[in-house]
Amino acid sequence: MIKVGIIGATGYTGVELLRLLAAHPVVEVSAITSRQQSGKKVADLFPNLRGKYNLCFQSPDDSPLDDCDVVFSATPNGVAMQHAQGLIAAGKKFIDLSADFRLKDVKLWTKWYGMTHASPELLNRAVYGLPEINREQIKSASLIACPGCYPTSSQLALIPLLANKLIDNDIVIDAKSGTSGAGRKESVANLFAEAGDSIKAYGVDGHRHLPEILQGLNHFSSESVSLTFVPHLMPMIRGILITAYANLIELDVNLQSVYEDYYQGEPFVDILPAGMSPQTRSVKGSNMCQISINRPQSGTKVVVLAVEDNLVKGAAGQAVQCMNLCCGLEETTGLDIIGLLP
Amino acid sequence: MIKVGIIGATGYTGVELLRLLAAHPVVEVSAITSRQQSGKKVADLFPNLRGKYNLCFQSPDDSPLDDCDVVFSATPNGVAMQHAQGLIAAGKKFIDLSADFRLKDVKLWTKWYGMTHASPELLNRAVYGLPEINREQIKSASLIACPGCYPTSSQLALIPLLANKLIDNDIVIDAKSGTSGAGRKESVANLFAEAGDSIKAYGVDGHRHLPEILQGLNHFSSESVSLTFVPHLMPMIRGILITAYANLIELDVNLQSVYEDYYQGEPFVDILPAGMSPQTRSVKGSNMCQISINRPQSGTKVVVLAVEDNLVKGAAGQAVQCMNLCCGLEETTGLDIIGLLP
Amino acid sequence: MIKVGIIGATGYTGVELLRLLAAHPVVEVSAITSRQQSGKKVADLFPNLRGKYNLCFQSPDDSPLDDCDVVFSATPNGVAMQHAQGLIAAGKKFIDLSADFRLKDVKLWTKWYGMTHASPELLNRAVYGLPEINREQIKSASLIACPGCYPTSSQLALIPLLANKLIDNDIVIDAKSGTSGAGRKESVANLFAEAGDSIKAYGVDGHRHLPEILQGLNHFSSESVSLTFVPHLMPMIRGILITAYANLIELDVNLQSVYEDYYQGEPFVDILPAGMSPQTRSVKGSNMCQISINRPQSGTKVVVLAVEDNLVKGAAGQAVQCMNLCCGLEETTGLDIIGLLP
Amino acid sequence: MIKVGIIGATGYTGVELLRLLAAHPVVEVSAITSRQQSGKKVADLFPNLRGKYNLCFQSPDDSPLDDCDVVFSATPNGVAMQHAQGLIAAGKKFIDLSADFRLKDVKLWTKWYGMTHASPELLNRAVYGLPEINREQIKSASLIACPGCYPTSSQLALIPLLANKLIDNDIVIDAKSGTSGAGRKESVANLFAEAGDSIKAYGVDGHRHLPEILQGLNHFSSESVSLTFVPHLMPMIRGILITAYANLIELDVNLQSVYEDYYQGEPFVDILPAGMSPQTRSVKGSNMCQISINRPQSGTKVVVLAVEDNLVKGAAGQAVQCMNLCCGLEETTGLDIIGLLP
């Protein structure tokens, strides 16, 4: 059994990691840290876990992670970068679900996250945990930076077009997310009575996932991508839908085949048949990203639709997928979950 | 024009008062106090009010209420009892939407609200603002304690049965409320991702509205009522449904007529025809309480269903109704609002 | 009093017309037709209207509209075009909320609506009922084609840019709508358990509102607009948010001022201050369209956000606004409604 | 491998059976019948199943069930009673999720379901599939009548009190259900715009689950139970909460212990610690029933709260639990699922 520790499992990505790992056949969660909840049973905080975990949250001061083979960090930004060096030095695989190691450019990171980075020397060592793009690197990584929720579906939606040089560099991503993306923390804006039965755009002038998406897309583009990214808050709990708009520069192409070929054999990317529009509910609770490729009225604009569960493929599921890869397990282990529909 | 001031209009009952008073033909809102939001435009906090109010929140230290004829208090419990004496002494009508003056028994109040009452001498002077029961007293009141949201529909639902001695004293109220009842304050439990797509009971061992409902029902009962009151949190924004269960002691009675007679001429109580089940959406945004009376399978149990908008008939609307009465206006002025369906 | 008749008031735009007209000071609704519901009280179908209407639905065969001054048609597409000629000939103002008279080009209409038009000769006589653009024509019109819900906010959002020649002709509109836009008819796709807690795009290859939006935008563009329009279904009841993306060709411009100037004095268009993002809930139940204009990171892409209530400004409210204009009333009569927030 | 067939898998219990059986290690779904969807892939109807099933719906005329060991029927009431005799005679285990075999009294069945029963002779042979009560009988059954959704949690909530003679016979069940309980069929009443952001009671005068609950409770009561059962429709997709009220006749008892003892060792009944209120979201997608037992203010009224997922423990999950039992498998096989929270 692989011994797993989780730092900061009191939020939504934390409880989702616990849900997924409970069903993982070769993993044992042996430690969960939280200074604030120290001594409390995880099943008291998250009653869906009753009967599955007897673990209590432990103070990080008690070194509960010493015996772990793999450590996930599900903390707010700025925490993982404090721990990474020590854990890697102790021979553990460190899988970070926060943004601390996602950007390669430390200046860019500082600009968008408003902090000085505690371990800039690790940025190049960190492997960006998007298996469909970086599978081989992930297999041998000791420090994995799991992608953000929006960046996961955004990159999966657009990379086949860029990699095949089918579009120009002017890209619009209109993204819609459920409120769980804002995390499990006190807030007025995300109250049911505020976010319910209503929608709004936010971060229009610049969302932190913008530079991350750009970094990923620019890898596949000869010209620097000019990206407009507008996220929206939806009155739903889980799920992200990306509607991406781009301009075709090559019109004589079967886009459906391009995508089917690009993701052939991928266990967690599902190219829908032409004409089927993805719905977030089809992937609720699952690690799947469903994509549909459209060319309205056979024009020059291509519209890519992609859905994921922001807490699974957009966070905890992808982290487990990375763990499977870097631990030499079958990539799909513990992740063969069907979306909860309805 | 009647000059109105509002203390603490930064919550949901506050914004609802502002919505209703903006449409009131003989009222001018001349002052709104909030220490925290002092200087901020109300329309910046509540964008639905843009173009309707130019007012800014003012610090209470600047005595903005001095010119007011009527003062509403829409603050958390424990605040209004500090101001009431002074405002009444200054000749103003004081209408409190909090719980400070609802209970006549100061010991009971202290027990349930966990505070020492600042103005116990005013408890007997305060008139309980349920117009369908207390209309004449409200007309001449200078201090009005508006009923709680649950107590409003609970009392309207049950009083005709008690007043007509049709039931025994064993009563169950299973109450369901939208999340706006919890107010506009930072919270984890009322996040969309917590309260959405889920329901739960709360306060099963004793909710603060229990003694208030009991006080109201006992007025109409020879025997002390034995009440079980269980509120539930619903994944909706506005609305309360009361499902009340009682035991008939008089079976040879036309319950439909009893209710239609009891509330004949009432502008804001609507007895539905037999067989029509009330829905909260029919009264969304309106000051109406719709009630249906049922006797399942012609047995001895009577089931009364009552719906209201917790922020209107259960709070701000009822407060305006009381203001109309105590200011000598037509009771329905500014309250002739149709529910927003769908 | 103006006598008003409504054809087919059994859907959501119908009940919304009834809500608005009940509060209209110089209107009396004297007839409501529905073959299917003939004889049924409107308040039995829509319990929010109890106490406000004693009217029953009448069969159109009984000529209930003969006495009316104004007739609204709130039927499915293809019905109004059968009645228009006769009603206009009888001297009535005819205000159609369906799509029958929105497009000027009959071939285009036939292509998108899949029917032969019954009154093509009326297409040029029909005035497109968007008061902010067509106010003078509406004042003297006898046949008014109320805009679709998406076209209303889409045109209001984009026309100032086109009219001022600030953008090129490549426009993307990513539109989000509540489910009431799909109407009150039996359906699996719009069940709560299907449309709840999930989102999806639909009509990606071509939605019927596309040619209508294009017709409206092309009026203000020297070059034919190339429009990509993708609507999305939201898990909410009311509300539309338009996120429009365009490319600036003139960078040295104060976009905020352009919009404030363009809509100066408009009672139902509200340009939000820079940095405030519109939410559909701020206009729930109101006739307002709130717009914000953004230029992310001071680039060349302009992002316009616009919200409306699809059943009010997007349908029944706009129809009443048009009625006010063509009947010589103050444009805002009966429409001074504050959004229901929360 | 056990070969499983499903009759009528086009509704919500059908797709839920398919979700659960896909993860079941010793089951293969070999046939799915639907006359209407014949020839269509199940994954085209339910996109969450893509990649998990290659099966198409087959016409029942093609005898696709001949090779099956177990047949589930997930059809509307009145269908299973046509098939049961033949399938049992052919040696198959027949597990019915409809109401056809739930009541032992054929007259009662006819009264509540308004049909003549096609196989009254099977009613006594049918075993009521509530494993916590009927485990041994289920093990040897060939015809299993799975309980209704409300009856499952209602009986689990109340039987310990009756079996221990702790309450009198006057019981109130106030039940709340998500809209998926109404099934996946065209409807106006269950549209998102009708059932969303609103609640209502229904079937107050008598719901079909009333006689079923009574039959179950009367087994454990010396005196005939007098039950008031009022179901309510909630604006959520999945989940049932039962709030049951009864009168204690034995006050000197530790109710918490009574329940913990009664359900000791039960894999799918979880007695919550005192003071923890169950939420439907904790069991979303899982086969668990979580129960809390309360005695408000130490009085004589006992309030039992029970939550379940109506499509899992209230339907498909319980059916699989029964299949496991009657096929000699470990009862929990394939059902070890954690609720999807948030």
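We call the chains A, B, C and D, going by the order they appear; numbering starts again at 1 in every chain.
We adopt the following convention: a contact is a pair of C-beta atoms (placed from the backbone, for glycine too) under 8 Å apart; a residue touches a chain by one contact, two chains touch by 3 or more.
These figures come from a predicted structure and were not determined experimentally.
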Problem set entry | Chain pair with more C-beta contacts, A-C versus A-B | A-C
Exercise. Which chain has its C-alpha centre farthest away from the C-alpha centre of subunit D?
Worked result: C
Problem set entry | Euclidean distance of C-alpha centroids - subunit A vs subunit B, Å | 45
For this session: Provide the C-alpha centroid distance between subunit A and subunit D, rounded to the nearest whole angstrom.
Result: 36
Seminar exercise, completed: Here the gap between subunit A and subunit C, centre to centre from mean Cα coordinates and rounded to Å, is 39
For this session: List, in ascending order, every residue of subunit C touching at least 2 other chains.
Result: 12, 178, 180, 184, 193-194, 196-197, 235-238, 278-279, 281, 284, 342
Problem set entry | subunit C to subunit D touching residues, read off their complex | 12, 178-180, 182, 184-188, 190-197, 235-237
Seminar exercise, completed: Per the touch rule above, subunit D residues touching subunit A in the complex are 12, 15, 19, 22-23, 44, 46-52, 180, 184, 196-197, 237-238, 270, 272, 276, 278-279, 281-286, 288, 290, 311, 336, 338-342
Problem set entry | Contact set on subunit D toward subunit B in their complex | 170, 172, 174, 176, 178, 193-194, 196-202, 204-206, 226, 228, 230, 232, 234-239, 241, 243, 245, 247, 275, 277-281, 284, 294, 296-297, 299, 301, 303, 305, 342
